[in-house]
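Both complexes shown next keep chain A, but they swap its partner, so chain B is in the first and chain C is in the second.
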Partner chain A sequence: MVHTLRQTSGTTLTSRENWGTLFLILPALVFIASWFLIPLGQLFALSLSSEAGPLASYAELIGSSVFRRVFVNTMVLACIVTIICVVLAYPTAYLLTKLRGFWFSVALYCVLVPFWISVLVRTFSWMLLLERNGPINSFLMYSGITTSPINMLFNNFSVYLGMVHVLLPYAIFPMYSSMLRVDNRLLQASEGLGARGTTTFLRVYLPLTMPGVLAGGAFVLLLALGFYITPTLLGGLQNLTAAMLIDNFVNERLVWPLAAAASFILLGLVLGILALASKFLSLGSLVGMR
Partner chain B sequence: MNSSLVKTISHIVGALVLAFLLLPIFAVVPASLSDQSFVKIPPESYSFRWYEAFFADAGWVSSMLNSIKVATIACIFTVIVGTMIAVGLTRVGATTRMLLTGLLMAPIIVPAIMISIAIYYVSRQVGLYGTVLGLALGHSLLCLPFVVINVGVSLRRLDPSLLRAAAGLGASGWQVFRTVTLPAIKPGLAGGAAFAFVTSFDEVIVSIFISGYGAKTLPVKLWEQIRVEFTPVSAAGSTIILVLTVILFVAVQMLRFRAAPGKEAQV
Partner chain C sequence: MAKSAESGVQVSFRNVGKDFGSVRALDPISLDIRSGEFLTLLGPSGSGKTTLLNIAAGFLSPDTGQVLLGERDVTHVPPRDRNIGMVFQNYALFPNLNVGENVAYGLKVRKYPKAQVEALVTKALNMVQLGGYAGRAIQQLSGGQQQRVALARAMVIQPDVLLMDEPLGALDRQLRKHVQLEIRRLHLAAPRTTISVTHDQEEAMVMSDRVAIMSQGRIEQIGTPHELYATPKNTFVARFLGESNILPVFVLGEKDGQISFTIDGSDGVWSASAGNTSVTGAASLLVRPERLQIAERGQPGLAGRVAEVVYLGELTARRVTLDCGKELWMRSMSASPADVGDRIEVRWRGADARVLSS
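And now, the complex of A and B:
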């Protein structure tokens, strides 16, 4: 009797647990469906809604040399920013692994705090620093390096600088965590076997930390492709990116099908990188860095 | 090549990069404290007159209030919904968990401009364009992943036998959550909530597209101003955002430190 009772209560409990799990998951799911999946679905329908035929918008974007150049420029910009970030992030991540105590905390906060600060505020700070009468130009003129102010704003230089500044932490953290996993005994073994420091680095340390380098690089690349605020504020007319082109289609030229198609091409590029990088990339860690 | 020399150079590069990351952020602070009507770093004389001007301007003040409203709604909404699904994810199979996590993280990967125009298009159909609620829902999409991840990390540290013990002693699902789960995930919850608030408070791109005239937020107002000219009032607005973010950041770090002393610096 007791046995059967326990069994029935057991089964009701599991079915109640299933309902409970569904109840916990459903609100977020409904929200994402209604504010993310359905809007993107509508955007996809829009991209196929050109009067000239379903694929006409995509054909126009790919066929036009002007639009193609914007996409190529965006990719070149994203790739250069990624290379700069990876090169600068590696020694920084390495320094993080070597610091202890107070200085480690200081260094960590240098990487962590920028994550929290508004991209808009950071970009505005750069505009104030780089402008003709800004402190950097004053310093350069005061120290006699130049006699007239240098144009550092609204050109390639300011776009690269601003984007590298925002994206560097995304490269530093994956590299740092892959460096933490390196077994120091391997380095000692390499040196014990007579390898020079450079050889140990190139043959042991670099290969072991390569997953972190690739993950960091992939994060930066896929975020850089969709950048909007920094290039819009810091760039000149020649620094048109795909995101700015989409904005232009929506707000200036009012051509929704082109805007929708351009965003799906951009998304295709991002997903392509994600697929290539999926081996060593965990999306949770992109969010978990903060 | 001398490897210790290479090491020294790499340490110097690293230190310079760290300084490069942190220091330029604060350029808006001296700019906002200028006594003159133009931006100069460092200012020739200091005053708070641009903060007075900020708070005397109905446009700036209402945009700040809008930002606070939107961020509060987005924060509360994502904390509730995000905690629910984070707990739900511990109760499903590995495949379902992976699929759902991927879906939750997707808004971080999809370019913000694309999400913005999609929500812009839909919000006009359903009458949420230019409303606080519309903005809060748009921002929630970007805040939710941070809540789920932060709470999820805390949940994984929770000993499942405690949950079984509580349930075995006859506690209901809600009682187990309130007395066992909730106290254990408090640090993750606070971190997620703070980051959700900041993410919404700072959000620019979605806001530019859907705030309209009715729900202009502080970053949108700032964005419009910066594109025209650099003024000390804009610098004051930026500094207000900066100070608010730093306060929340410090609060979260202290809470994490109290939850796990000595581990405050964990990433």
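And now, the complex of A and C:
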């Protein structure tokens, strides 16, 4: 009887706990609903509110070759930045797993500190560094490598450089955490079975760290697709991205339905990539959980 | 049987020593493992047994001395060129490969032709009774099955030496007993030079041809399980292998291999066989619980009282508190009548007890 009583009160407690949990997340729910979901709905309504008819904005965008080219540009830019980030991040993350003590702290802060500085500040810094009369050009001319200043600003080079710089940590950390999870004995087992370093890397280490590579790559790709400040400040006219186009619709041409529709096309693209990515890895591993 | 024993390679450690910083992991050790022999390194954690195994595998290099596989000095040869098979404590199976691919790994690395790889993998999986499991994912297997995959993966490459690090440590007790016998049978069917590391005395006794008992970076004693159990060199070995009663004694003299001594706190002169060549003065008497008997009327015995009776099925264990204050455990067939509180006298035959220098 005592047991039954305790069990009954136990279940009551559990359902009470459920209500408690709901109560605890309620502020977050209200916040997300009022500051994100409702505005998103309003934005969607806006995208359908063109005077020419509900789907006119979408039709105009998809029909326009300029818009299509800007979207392709954005995709290409994001993909190239992602590839560069992944290639640079993998050895960096590996180095982080191998360092200990003082040098680990140094390396970790080299990755983290830029991460903490505002994107705007970092982008302006690149502008100063890459200028015609900036320190890099001065050095190159002083050391005789070139006689006239090199154009390093407002082109693909400066956009890639700036975006990779900003996005690199997003690729490094998921890779780092997946590398930490690799059991050293697996590498010993491979070596014990007669495998050379490259074989062990290709057949054991790389496959086991692939979730981290995919997670980091997906992170960078998604962020790069919506990048605005860096390509705006460091890019030239040929580096127009979707985010810049939306800004143009809002601030220059004042066609808000078009801007809203473009935003939703971009959002659709991002969600599509996210869905594709989640086929290969759990969303939890995207944020380094397991 | 004899053929594979001959083709196996003897392992020699010659003055192999290793320090980790200021901690001495191995006092320089010399040890030979015969072709086709199954040797177990048995000891508590921190005794240096895993260090010695890792030196044999090449994952650690010794500070002093040499490691020989057959005639070959492999002290500075990396693990991949030693042709060893290693079974890791938690098996270290590649989680990204399935059962068949795990077993095939060493063969593919050795560039065996595809058909031969398949045939050998099938054979190896059949050997460990996992035929038909080649396509399974590692995560789908139970602990015991993973253990057998690890064994197949290590043995399929026909290693000169098989090394096992706590191979049964992760299995539950029931399964462990089964796999011990299984490994013993596989070894007897095709003897291969094997070094196994464990802290489980039963595992060591069941599987090994010889056992080396290690403590604090040294080998205390090496011998067949029977030798170690029946004739331990010191109290550490006696305590580590099997149950033992150890009483402090004072040696009076030796005659024909029998040592006469007094037991602290009780009257009379007793005798037992000599455990060491020269025991004098204060020493320790070792009597195994199953060698203790209840003395019949008229026989000399140590007086005491039964303090506890534990029923173990075919055997009954009794804790006896002697009048001198010391305690002894005895095990006998369940029929004997002494119950808790009964006064009894215990005795042993001279050949069944040993006096060891303490």
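Note that in this section the second predicted complex is superposed on the first by the 254 of 290 C-alpha atoms of A that agree within 3 Å, B and C clash if a C-alpha of one lies under 4 Å from a C-alpha of the other, contacts with A are read in each partner's own complex, and residues count from 1 in each chain.
In this text, a residue touches a chain if its C-beta (ideal position, glycine included) is under 8 Å from a C-beta of that chain, and two chains touch if they have at least 3 such contacts.
It should be emphasised that the depicted structure is a prediction, and the values quoted were computed from it without experimental measurement.
K.L.:
Please indicate which partner A:83 is in contact with in the superposed arrangement: first for chain B, second for chain C, both, or neither.
P.N.:
After superposition on chain A, A:83 lies in contact with neither partner.
K.L.:
May I ask you to decide whether A:277 touches chain B, chain C, both, or neither, giving the answer as first, second, both or neither?
P.N.:
neither
K.L.:
According to the stated criteria, A:113 is in contact with first (chain B), second (chain C), both, or neither; which is it?
P.N.:
Once the two structures are laid over each other on A, A:113 reaches chain B alone.
K.L.:
Contact-wise, after the overlay, does A:196 reach chain B, chain C, both or neither (first, second, both, neither)?
P.N.:
Both: A:196 reaches chain B and chain C.
K.L.:
Per the contact definition in the header, classify A:75: touching chain B only (first), chain C only (second), both, or neither.
P.N.:
neither
K.L.:
Examine A:56 and indicate which partner it touches, taking first as chain B and second as chain C; both and neither are also allowed.
P.N.:
neither
K.L.:
By the touch definition at the top of the document, which applies to A:186: first (chain B), second (chain C), both, or neither?
P.N.:
Only chain C; A:186 stays clear of chain B.
K.L.:
Need the overlap of the two footprints on chain A, from chain B and from chain C, as residue ranges.
P.N.:
Dual-contact residues (chain A): 196.
K.L.:
Which residues of chain A touch chain C once you look at their complex with the stated criterion?
P.N.:
Within the complex, chain A contacts chain C at residues 183, 185-186, 188-196, 199, 203-204, 207-208.
K.L.:
If you look only at chain C, which of its residues touch chain A in the complex?
P.N.:
Listed in rising order, the residues are 57-59, 78-81, 83-86, 88-90, 92-97, 105-106, 109-110, 153, 157.
K.L.:
Can you check the complex and tell me which residues of chain A touch chain B?
P.N.:
Where chain A meets chain B, its residues are 17, 20-25, 27-29, 31-32, 35-36, 38-40, 42-43, 46, 88-89, 91-96, 98, 104-105, 107-114, 116-122, 124-129, 131, 133-135, 165, 168-169, 173, 176-177, 196-198, 201, 222, 225-226, 228-229, 233, 243, 246-247, 250, 256, 259-260, 263-264, 266-267, 270-271, 274, 283-284, 286-290.
K.L.:
Write out the stretch or stretches of chain B touching chain A in their complex.
P.N.:
1, 3-4, 6-7, 10-11, 13-15, 17-22, 24-28, 31, 39-42, 80-82, 84-85, 87-89, 91-92, 100-115, 117-122, 137-138, 140-141, 144-146, 148-150, 152-153, 173, 195, 198, 201-202, 204-205, 209, 219, 222-223, 226-227, 230, 234-235, 238, 241-242, 245-246, 248-249, 264-265, 267
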